[in-house]
Each structure stands twice: as structure tokens, then as C-alpha cells.
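One chain, subunit A, links the two complexes that follow: it is found with subunit B in the first and with subunit C in the second.
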Partner chain A sequence: MIRHSIRHIIRKEFSDVLRDGRFRWCSVLVGALLLVSLGHGWVQAREAQREHAAAQATARDHWESQGEKNPHSAAHYGIYAFKPRLALSFVDEGVDPYTGTSVWLEAHRQNDFLLRPAQDATSAQRIGALTAAQVLQHLVPLLIILLTFGALAGERERGTLRQLLSTGVGRRDLALGKALGIAGALALLLVPAAAVGAAALVVGSPGPAASPVARAAVLAVVYLVYFAAFLALSLAVSAWARSTRTVLVILLGVWVVNGLVAPRVAVDLSKWMHPTPSALEFARTVEREMASGTEDIPRPDNDALTEDLLTEYGVERVEDLPINQSGVLLQASEEFGDRIFDRNYGALWDTFERQGAVHELVAVAAPLLAVRALSMGLAGTDVEQHRHFASAAETYRRDLMRRMNGDLTENSRSGDFSYQAGAELWESTPPLRYDAPTLGWVLGNRILSLVVLGGWLAGTILIAAARVRRAEVT
Partner chain B sequence: MQTADSGAGRPPLLEARGLSKRYGATQALDSLDLAIEPGEVYCLLGPNGAGKTTTINLFLGFVSPSGGQALVSGMDVSTHDRETKHRLAYIPEQVMLYRNLSGLENLEYFAALGGKGSLGRERLADILVEAGLERDAVDRRVSEYSKGMRQKVGIAIAMAKEADALLLDEPTSGLDPKASNEFSALIERLRHGGVAVLMATHDLFRAKETGTRVGIMRYGSLVTELGTDEIGHADLERVYLEHMHD
Partner chain C sequence: MTARTVLRNEWRLLMADRPLRIALGLFALLLVYALANGVVWTRFQERTVEAAQAGNVEREQALAQELADIEAGAEPASRFSDPRLPNVMGGARGRHTAVLTPGPLTALTVGQSDLLPYYYDVNIYTNESSFQQNGEVESPLNLMVGRFDLAFVVIYPLPLLVLALSFNVLSEEREQGTLALTLSQPVSARGVVAAKLAFRALLAVGMVLAVSLVGLLVTGGFGAPGRILLWCAAVVAYALFWFVLAAWVNSLRRSSAWNATVLVGAWLVLVVVLPAGINIAAGLLHPLPSRVQMITAQREASNEAVNRRSELLARYLEDHPEMAEGVVADEPGLGALAWAATDAVNRRLEEVTAEHDASRAEQIALVRRYRFLSPALMAQGVLLDAAGTGDARFAGFQSQVRAFAERWRDFFVPAIVAGEQMDASVLPSVPQFNLAEEASGEVTRRAAVPLAVLGGLLLLVGAGAGVGLGRVRGAS
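After this line comes the complex of A and B, so read on.
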């Protein structure tokens, strides 16, 4: 039950904020950017999803109608797989512009993802790509600072704090009333944006389900916690510092560190702690290991394999084998390649995840990093979910190759280069069916960020309570 | 000097018991003892730094005492912040208000925070007029007010609160003689209504006119206390100057 006096403070703070021309202009600007970025993101995500679906259908059609050919030729012909855009990807496009969203699945190779907008973007385009997540992560906290920095320091500077406290209203009630009043004014900006986002989700979800409502609800809570932490921090500084100018300088410093310095530091620190090879180095390593194998993953011994086959089938010559030896050797080669890929890509992904953990740890100093990790995770655009899809696509590729090599092995004889499979084989190969991870899986990957963000909220509230209790009156 | 539980067995409305405040090496207030009963106007006289404002800040709970107690109706301010503040009204040297609000809107807000939110706008407007504000100024923004007009809003805030005790910190400083006289008349009216008043002031004349007792402070200590009935203007000035030159 909110005390009577707090209600009066909330009402006054709320109307003061609304009367303030700075708030009106800032909120119009932030609100417009938020709505535009939401709309733009939704249209873009929807368009991308539509194009992906069309391209996926075309790729499947090409696969099924490739005509009669040797199954190994079909394996080289390959097929494209497209990472689906999840419903909330219009809020936060995450790492998708950098990792790509489609991959060509072919024999002998685990290819890199394609369609990376960042690859083609100019520097200016990269700066200008504004998403709803960026508005929520950077501009709303700035607006909170502008609304809150004078909350207590301003009252003290004007001399009204003495008058206020002499009425019998407690310092905590005053701070709470101001916080809720400012939150109410912010709600005028955020609730319509949230409603537009929810409508976009309901009316025309751009991607597959993957519990979009639950993800959206958790995403909303994450951002509310982030904003509440900023509000509490701003109040704490406003209660502590002697002048509004000092408060503003400190809070703008916090904003710069949180939004600009810490992310850069996190990137450099994580790269320094867990270096990754360049794309060229990585490709050369894989190529070298594929060519000659490694100590623990030797290239398959074709002679030994052939000997084993002859023994298994009790024949003297390859020509007498009831199967096609080439199919077995090709599959052995695939499985050798798979081990090389597993080791190299696995190490690379693990390094990316360790870098991500460093980012989440740096969030202890900058809550943006925790919010960003959670936002991308819930939008389905983080590195982990990219890996999740990449793994599914690779599993599919391996199954496809097994089918092609199996058909070649079973339905032709060694030395028979004229064998051709047809539409029946291509159509019997199921399309890639991808189930996006559950909300529990996503949150399980982001426990550190959840804890850090919760810690930020609890910490800032405790600091604000302590600072407000000891706030100087004059 | 009166002590606690005087009168009809009730504690004084305002009471200091060995009240002290130290800021680092500076002793701002040193073992102050005083008691103010309903209907009394106690004027604290003294130069800047004598401890007058510190005394008022201690009664308001704006600062914590280094020793002793500030009591309001027998309740310690340190442990009963909310209860004691509801019995107090405060008018500072310069009443600071919200410039973007009218005098009436300011009064509405402060009255509501003081627990008088049920007073209607008309009643509050009447209180402003009773406090000396012109009727047509009530709805004007405070940014257009003179210092005297702001003081009158401050008085109206105190009146609307219907507090048992009034703390005044140089309330007539900077007011013209007419406004000062009106202020004195108002204090007199409140006193007759049973309000206890503690007023810090430099103004010997106003202290003699308005007060029932006068305490002279120096270096944080109460050096003497006089009843205003016992002494004339000239004598008060003489006693004051004697203590200042000791």
C-alpha cells in the first residue's frame, strides 16, 4: 500500500516531468527512434524470413529436380540451409549481420556461413544501423539520467528539500515517490512501444515460434530491470553529490563507460584472454589437416580399408565385391573430415563462448553487457544459437553425405562409374527440420548475465537507499 | 529554566536536553537545555555561528546530535522522525518554493505532504490570504513573487499544517517593516492559539516584540535567558552587547 504522501510526490514528479520541455523533446525523439527501429526491424526480419523461405524452397526444388546423376556428384551439388529468423529477431539482430544466415552443405566440407550484411556494409552503414535493442540499451538510460539527475540534488540546490522534509515526509518516501513519478513518465514512452512490439509479434511474427510470448515477457522484464537499475543509480548519485552539475557529469561518465568504453574493453580483453585465429589462418589449418591428417586424426588408410572389405566379403579382388568400394572410401573420407571439422570448429566455438563469458563478467562493471547478452539470447540472435543452428545444419549435412555414399555403396559396383541415382533418392532425403532452442536452454546459457543484472538492480537499490537516508539537506 | 514534564504533567512541546552538535573540530552546539511550552515564543538571539540554526536543524532532524536529545512533545526526534515532524512547522529565512507552480499549488502540495491533503482549494486559498497574500496573487506562479510573498506562502504552509510547534529561522530577514509587523501579528495569533514557537533571529526589536522569552547564544552555548516582560528594548540590547563583548 503506497502511503498518501508518496502518491502526492509521484503525482507532482510525474506532472513536473510532463511539463518539462526537455522531456517532451527527448521522449518524442527516443520514442520515434524506438518505433522506427521496431518497425524497420520487423519489416526487415519479415522480408528476410520470406526470402529465406523462398530460397529454401528453391534450393529444395533444385535438389529434387537435379536429374539423374551419380550420388557423389549430388553430394557435391549440395544444398543450401537457411537459419530461420526467430520471432523476436526484429528487436535485436544480434550477431546475425556478422555470422551470416545461410550455409552451403556439400561433400567433404563444413562451409562458413554466407549472407553477412556487415561484410558488405560501409563503416557509415554500420554506425547507422539502429535497432530497437540499441535504443533501449543506450538512449533510454540516457533519458533516465536526464530525468533523474536533479531529483534530489535539484531540490537541495533550490532549497526546497528543507521545506519538503520539514513536512514530515521521509527521505526514502521522497526518493521512492520521485522514482515512481519518473517511471510513470517513462511508461508513457515505453508502454506504447511495447504494445507496438507485442502487436508486431502477434499480428505477424516474422519467424518460427520458439515460445515467442514467454521470450518477449522475459525480454521486457530484463529491460525493466536494466532501467530500474539506472534509475536507482541516478537517484543514488543525485542524493550523494552536492550539485546537479556534479551529478550530471558523474552520470554521463557512467553512461559513456557503460555504453561505449566497457563494450570495447570487453572485446579487447576477451580477444586477449582467448585469442581466435583469423579466418585465413583457420581456413589454412583446416585445409592442411584435411590434406595430411594429424597425429591423432590420421587420414584414412584406403589400402587397409580395402583389405578389410575383401576379408569381410571373402573375395580376392575389388571387382568381386558385391558393393562399390568407392562409396565406403568416400564415407571414410567424410568421417575423417568430420573429426577434423569437429576439432577445429569445436575449438573455435568454445573460444567464442569463452569470449562471451568474459563479456558477461565485464558486465559487473557495465550492466549493458549483461542486458545485451540476454537481449540477443532471447531474440535468438546470439552466438550460442548460431552455433545451435550450425550444429543442426552440419548434422544434416553429414546425414546427407551418409545417404549419398550409402546409396553409391549399396547400388553400384566398384569401378562402375556409370551408376546414376534419380529423383527417388533425392526426394527420399528429408529436408532440414530445425527446432530452435527453448527458453530454458537460452536462460541456462545466460545464468551469469541474469545474476549480474539482478546484482546490479539489488546493488543500486541498496546504494540508493543508503545514500538517500544520508542525503544532506543543505 | 523549565524542564520536562512541566505544566499539567505533559512534557514541553519543544525541549532540548544537553543537546550538542560537533562538526569536526567545531563545537556548533554545546549542551543546550531549554523547554518551550504551548503559547510560548522563545527567541534565540546571537551572532552568526552561535548555534541558532543548528538548534533548529536538530529539532527538524536534518542533522543528528553528537550528544543529548531534541524532544518534541516528549518524543526524541532521532527515533521518532515522522511523528515529531508532523507536530512541527518550519519557516526558513528564505522560503524556497517550486517556481513553476502557483502559490496555491505549492501550498496544496506541501499541505498534502504534511497530512492536510483533505483541505480543499478554497480553504487553502483562504489560508494564503490569512497569511497576508493578496487574493489575486494566489494563482500566480511563484516565479513572479517577491521574497515577502514567498515568506507568506511559507507561513500559510505552517498554518495549514496546524502544527503544535513552529520553528522559525530568521523569518523576517529581508522583509520590509510592514511585512515584518504583519508577521509578528500572525505569530501572536498562533501563540494565543497554544502554538509553541522557537524563533532564531538577529532582530532584537522583533525578539522583544514577539517573544515571551529570549535566549542569548554565543559559541554554541546558551549564555543567558530573559523573560521579555522583565526587560525593555534598551536593556535587552545592552545585555546582548555585554555578552557579545565578553
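After this line comes the complex of A and C, so read on.
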């Protein structure tokens, strides 16, 4: 039960905000940007998903209609996989512009994802990309600062704080009432945007995702926690600092560090703590290890493998084997390559994930980094979920190669290069199906960010409470 | 009271103002940190470039060695990598890595150099799809955020420092009641504000330029004076724009708080909101044709080519009669057949790429037109372009590599089609890639318009401020 006096304060603060022209315009601007970016993201995500789905179908078509050929030629022909756009990617495109969209699954090698949309864009687009997530992460906190900085410091400067407190209103109630009044004004902006986002998700989900509604709900909570922390922080500074000017300078400083400085410092810190090899070095290592193996991953010994086959089938000569020896050797070489790729690509992606953890740690100084990590995770556009799809595609490639080599082994004889398989074999391989990770998996990756964001909320509320209690009247 | 007195007093006042001193100190720290970052990145790229060039030498030596061994009677190590085969010597084994050395001012602006490839392996199979590759190994998350380089400091925090230094340059005097006193001296409000801002500009811009010059000394030196001048011009014009904006807002004779709100709002709109709006508009009006469709087109072209190899060879020989010699039309060699198919795929890819590039150029033209709405976009474009880490230098590099791949093919393909072998004597004449740097006049020509617009804007706002300040009277 909210006490009567708080209700008055909430109502007064709420109508004050709505009456102030500056804030009205700022809110309209932020609201418009939010809606435009949501709409733009939705159109773009739908278009991309439609295109990827069509390309995936065509790729399958190419695979099935490749005609009669040797299964190993088909393995070399391979198939392309296109990364699907998940349902919530229209809210936060995350790292998607910087990861490739498609990968060629072919014999003998794991390829990189190619076609990064950012490479096709201009440098101007790199500094000026605006998604709904960016409006929420950068501009809404700024709006909160503008709405809050005068809340207590302004009353003090005008001398109305003493008057207010003399009417018997508690300091805590006063601060709470102001916070709720401002939150109410913000809700006028955020609730419609959330409704539009939810409607977009229901009317025409851009793409597949595991439990999009649950993801969206958690996403909403994450942003609310972020905004609440900013509101509490702003109130705390407003209660503490002597003049509104100081409050504004401090809060703008926080905003600049949070949104501009900390994210980029995190990049350097992560690169310094977990360096990655140069692309040239990486390619050379893979090339070298593929050519001569490593100490613990030796190249398959074809002579020994052949000996084993002869013993297994109890024959003297390769020609007498009831199977095709090449299929067995090819599969052995495929599995050798897989281990080399797992080692190198695995190490690289592990490094990327460790770098990501550094970004999440820097969130202790800048909550934006925690919110960003959670937002991308829930939208399905973080590094981990790119890797999730990449692994699914690679697992599919390995299965495809096993099937091709198996067919070659079973249905032809050693030294027979004229063997050809047909549509029956191509059609018998299942198409690539991808299940996006569950909400639990996503949150499991982001425990650090959840803790840090929770810490920010708890910390800012405690500080605000302490500062409000001790706030000076004049 | 002369301008010198104003300057001397300003220095004393500024040094007495602790928050401002801290702000200046922090800014200096940001500058040094950004430069250190850029230098580390430049060194990294330089090492990679060296390794790539060393690779070229190693591969050539290995080829020469094996060719000499074969000449002396040894068998080639493998039938498939016999260096005498033109598709081996000109193929993956003998490939040449074409390298773009880091831009002369990379230490100041990482720009696009962490995203776009700065070397390509060229061999006879290089075609349009070879240019679809990722650049340096980098976490997508780090690419998304971007680097903390000097250009970043100039575009985002520098205007904020400028505004912090000058939002109350006149309003404060009035609020403290010193304006009447100051203006009772033989000096105009215009003169006072100009002197104060000139002093602050000297300080802020001087810091940026000093750190930039240190960066140049540490890395490339002053080998590209034209580019360095453009860089400095962009920094000066952009910083001055914010100073005159502050002067103009001060000339409106409102309170310091009002000035601060309006200026921060202007920063937000010009630096954050407008660039984003322009990009959204560009994306909606001229959506980029997707590369995804290129993969499908490429795939279809190669399917078709493989099925129609003999027919394609006939057409290829019609187009290239000089190669028909040595190929018996009735029973062409495998090499000739395969090459005909490769060539057909390449042609089709070129068509698809040309269509894609045309629509991409359209979108870029739009973005380039609207960048004039935002001083931040204009400044960023010039800073990157001057540093040689903008889109233009990478595009120029790519087209040079394209031409080089053509030369490479012209060198090896006749032998492939004729089914001939090569020997060590051709090695010295195998094409080498030499980067032709863009003339600095070209860069200047591209930068001239945005710089002129920025300068015009500067004059316009400055004139407005001058007129407004002319009306300021001490007694008001």
C-alpha cells in the first residue's frame, strides 16, 4: 500500500516531466528512434532470413541434382550452409554483421564463414549503426540522466527541499516517489515500444529461435534492471552533489565512460590478455599440421591401414578386398583433418570466448557491457551462438563426408575409379537442420553478466538509499 | 586590455579550475592511450606483411630448388605437385601473396584495417570469389566495438572536451557579474570570446596534433606530407566547428545550464543520431544486394561449366585464337578442357560481381551525399581516407590485385591450354605484385569537398556567433 504522500510526489514528478518541453522533445526523439530502429531491424532481419532460407533450399537442390558422379567428387562439390537469422535478432543484430553468413562444407577441410555484411558496408556505417538495442543501451540511460539530475539537487538549489521535508514527507518516500514518477514517464515511451516489438514477434517472426517469447521476456527484464540501476545511480548523485551542474557533469561523465570509453578499452584489454594469432600465422599452422601432422595427432599411416584391411578380410592383395580401400583411407584422412581443425579452430574460438569474458568483467566498471552481452545472447547474435551454428554446420559436414566415404567403400572396389553414385545417394543424406540453443544454455553462458548486472542494481539502490538518507537540505 | 592579457588571465584561470585541469589531464591520457594502441596495431600489421613477403621468397626458392633437382635427374616429389606443370607453378604451390602495406598514418587511425583483408594469395584460380574473404583474425565482438584510436578520440570525446571548455565562456562572466567590468575596458564581447576560445582551441587542438606528430615519428615518419596535412586539417576544422558552435550558443545570452544542455544535445544529434539516421535511410532506400545470391549464381555457373566443358573450350579458343595453336581441336588435353570451364565460371562471376558492385556503388553514393549533414561523418571520412585506412585505399588495392591476377593468368594459362611444361628459366619473369600508392592529389581531391563543407559550416556558424556577440553589451 503506497502511502498517500508518495502518490502525490509520483503524480507531481510525472506531470512535471511531461510538462517540460525539453524532456518532451528528448523523449519523442528517443521514442521515434526506438520505433524506427525496431522497424528497420525487423524488415532487414526478415529479408535476410527469407534469403538465407531460399539459398539453403537452393543449395540442397544443387546437392540433390548434381547428377551421377563418384561420391568423392560429390564430397568435393559439397554444400553451402547459410546461418539462419533468429527471431529476436531484429532487436539486437549483435556481432552478426561481423561474422560470416555462409560456409562451404566440402571434403578435406573446415572452411571459414565468409561474407561479413560489415565488409560490404562503408566506414560511415561502422560508426553509425543504430539498432533498437543501441537505443536502449545508450540513449535511454541518457534520457534517464536528463530526467533525474535535477530531481533532488534542483529542489535543493531552489530551496524547496527544506519546504518539502518540513511537511513531514520522509526523505526515502520523497526519493522513491520521484523515482517512480520518472519511471512512469519513461514507461510512456518504453511500453509502446515493447508492445510494438512483441507485436512484430507475433505477427511475423523474422526467423526461428528456441522459445522466443521466454527470451523476449528475459530481455525485457534485463533492460528494466539496467534502467533501474541508472535511475538509482542518477538519484544517488543528485542527492549527493551540491549543484545541479555538478550532478550533470558527473552523470554525463559516467555515461561517456559507460558507453564510449569502457567498451573500447575492453577490446584492448581482451586482446592484450588473450592474444590471437595473425590470420597468416593461423593459416600456416593449419597448413603445416595438415601436411605433416603433430606429435599427438600423427598423419594416418596408409600402409598400416591397408595391412589391417587385408588381415580383416583375410586376403593377400588389395585387389581382392570386397570393399574399396580408398574409401577407408579417405575417411581416415578426414578424421585426421577433423582433429587438426578441432585443435586450431577450437583454440581460436576458445580465445574469442575468453576475450568475451574480459568484456563481461569490465562490466564491473560499466554496466553497458553486461547488458550488451545479455542482450546479444538473448537475441541469439553473440559469439557463442555463432559458434553454436558453426559447430552444427561442421558436424553436418563430417557426417556428410562419412556417408560419401562409406558409400565409396561399400559399393565399389579398390582401384575402380569409374564408380558413380546417383540421386539416390544424394537424397538419402538428410538436409542440414539447426536447432537454436535453449534459453537455459544462453543464460548459462552469461552467468557473469547476470551477476554483475544484479550487483549494479543492488549496489546503486543501496548507494541511493544511503545518499538520500544523508542528503543535505541546503 | 589586449588579447595577450586575456590569454594570460585565461591560462591562470584555467589552471586554477580543478575540474577543468582534471578534464584536460584525462583527455591527454586518452590521446596517449589511443596512440599506443594504434602503434601496437601498426607493428602487428607490419610483422604480418613481412611474414607474407618472406613466404613469397620461400615458395619461389622451393620451386627453384626442386626444378634444379629435376633438371639434375631427380623425380618430382609428387605427380600432382610437379613444379614443371604450369598449373602447379602458377597454382597454390607457387602462389604470390599480394600485400597492402599499412597506411602511412595507421597508427593514428586503425579505421577499416582490422576488418578488410590487406593481403590476397594470387594464383591462376584467383577469381571474384577469391575476394570474398575475411581479413585479420579478430573476434567478431572486438570488430563490432571498434578500436580505441586517435580518430575515435577526435570524433567522440574531443567535441565533449571542447564543449566543457567553452559552454560558459561568456555566460559565466555574466552570471558572476564580471561581464560589465570586462566590457568597460576598450574591448568588445566579440574580442573577449574570440581570445578565450582561441586560447582553448590552441590547447585542445595542440594536444591532439602534438600526440599525432609523436605517433608519426614513432612509426612511418613524414613520408606522406599530403596525407598528414589533410589529417591535421580535418582535426582542426572539426574541433573549430565545435568551438564556434559554443560561441554561437553563448551569443544567444542564455544561462550556462541552458548552453550546456543545448550543446550536449547538439553533440548527441550530430555525432550519434544523425549518422545512424543516415545509415538507416540509406539501408531502406538502397538495400545492398546480398552476397548470398552471389554464392548461388557462382554455384550454378560452375555446374553448368563442368557439364559443357568441350563446348566452352571451342568458344574459349574462338575468343583467344592465339591459344588455339598446339591444341588439337578434336582431342583437347585435360588441362585445356578444365581451363575452359574455369574461365567460363570466372566470366560469370565477373558479371554477377559487376551487378553487385553497381548497386553497392549506388548506396555508397547516397551515404556520401548525406554525410554532409553530420560534421562527425565528414571528419571521420577524411581522417580515415588521409590515414590510408579508409574504404578507398582498400578498394584501390583490390583492383590492383585484380589486375595482377590477370597478368598472372596471362603468364601461365597459355602453357596450361597447350599442355606444355615449364622450367626454372621462367622463374625470374613470373609476375610480382608491386603496390602503386595513390597519388596524394587523389586523396586531396576526395577530401576537398567534405573539408570545404566543414569549413563553410565553420564560417557560417562563426559569422552567426560574431553577429550575436556584436549585440552583447556589458550593461544588459
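We take it that the second predicted complex is superposed on the first by the 473 of 474 C-alpha atoms of A that agree within 3 Å, B and C clash if a C-alpha of one lies under 4 Å from a C-alpha of the other, contacts with A are read in each partner's own complex, and residues count from 1 in each chain.
To be clear about the criterion, a residue touches a chain if its C-beta (ideal position, glycine included) is under 8 Å from a C-beta of that chain, and two chains touch if they have at least 3 such contacts.
Everything numeric here is computed off the predicted structure, so don't read it as measured data.
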Applying the document's definition of touching, compare subunit B and subunit C: which contacts more of subunit A? C
Return first, second, both or neither, reflecting whether A:159 touches subunit B, subunit C, both chains, or no partner chain. first
Mind working out whether A:302 is in touch with subunit B, subunit C, both or neither, as first, second, both or neither? neither
Partner chain in contact with A:142 - subunit B first, subunit C second, else both or neither: second
Between subunit B (first) and subunit C (second), which does A:278 come into contact with in this model arrangement: first, second, both, or neither? second
Contacts for A:40 in the overlay, against subunit B (first) and subunit C (second): which applies, first, second, both or neither? second
Touch test for A:167: subunit B only (first), subunit C only (second), both, or neither? first
Residue overlap on subunit A between the subunit B interface and the subunit C interface none
Complex interface listing, subunit A residues touching subunit C: 22, 26, 29, 33, 36-37, 40, 43-44, 47-48, 51-52, 55, 58-59, 62, 66-67, 80, 82, 94-95, 97-102, 112-130, 134, 138-139, 142, 146, 244-245, 248-249, 252, 256, 260-261, 263-268, 270-271, 276-282, 284, 348, 351-352, 355-356, 359, 382-383, 386
Can you list the residues on subunit C that touch subunit A in the complex? 19, 30, 37, 44, 47-48, 51-52, 55, 111-112, 115-116, 119, 132-148, 152, 155-157, 160, 164, 256-257, 260-261, 264-265, 268, 272-273, 275-280, 282-284, 287-288, 290-293, 295-296, 299-300, 303, 307, 360, 364, 367, 371, 376-377, 380-381, 384, 390-391
Within their complex, subunit A touches subunit B through residues 4-5, 8-9, 12, 16, 19, 158-160, 162-170, 473-474
Residues of subunit B touching subunit A in the complex: 57, 60-63, 81-82, 85-86, 88-90, 92, 94-98, 100, 109-110, 112-115, 117, 154, 157, 161, 167
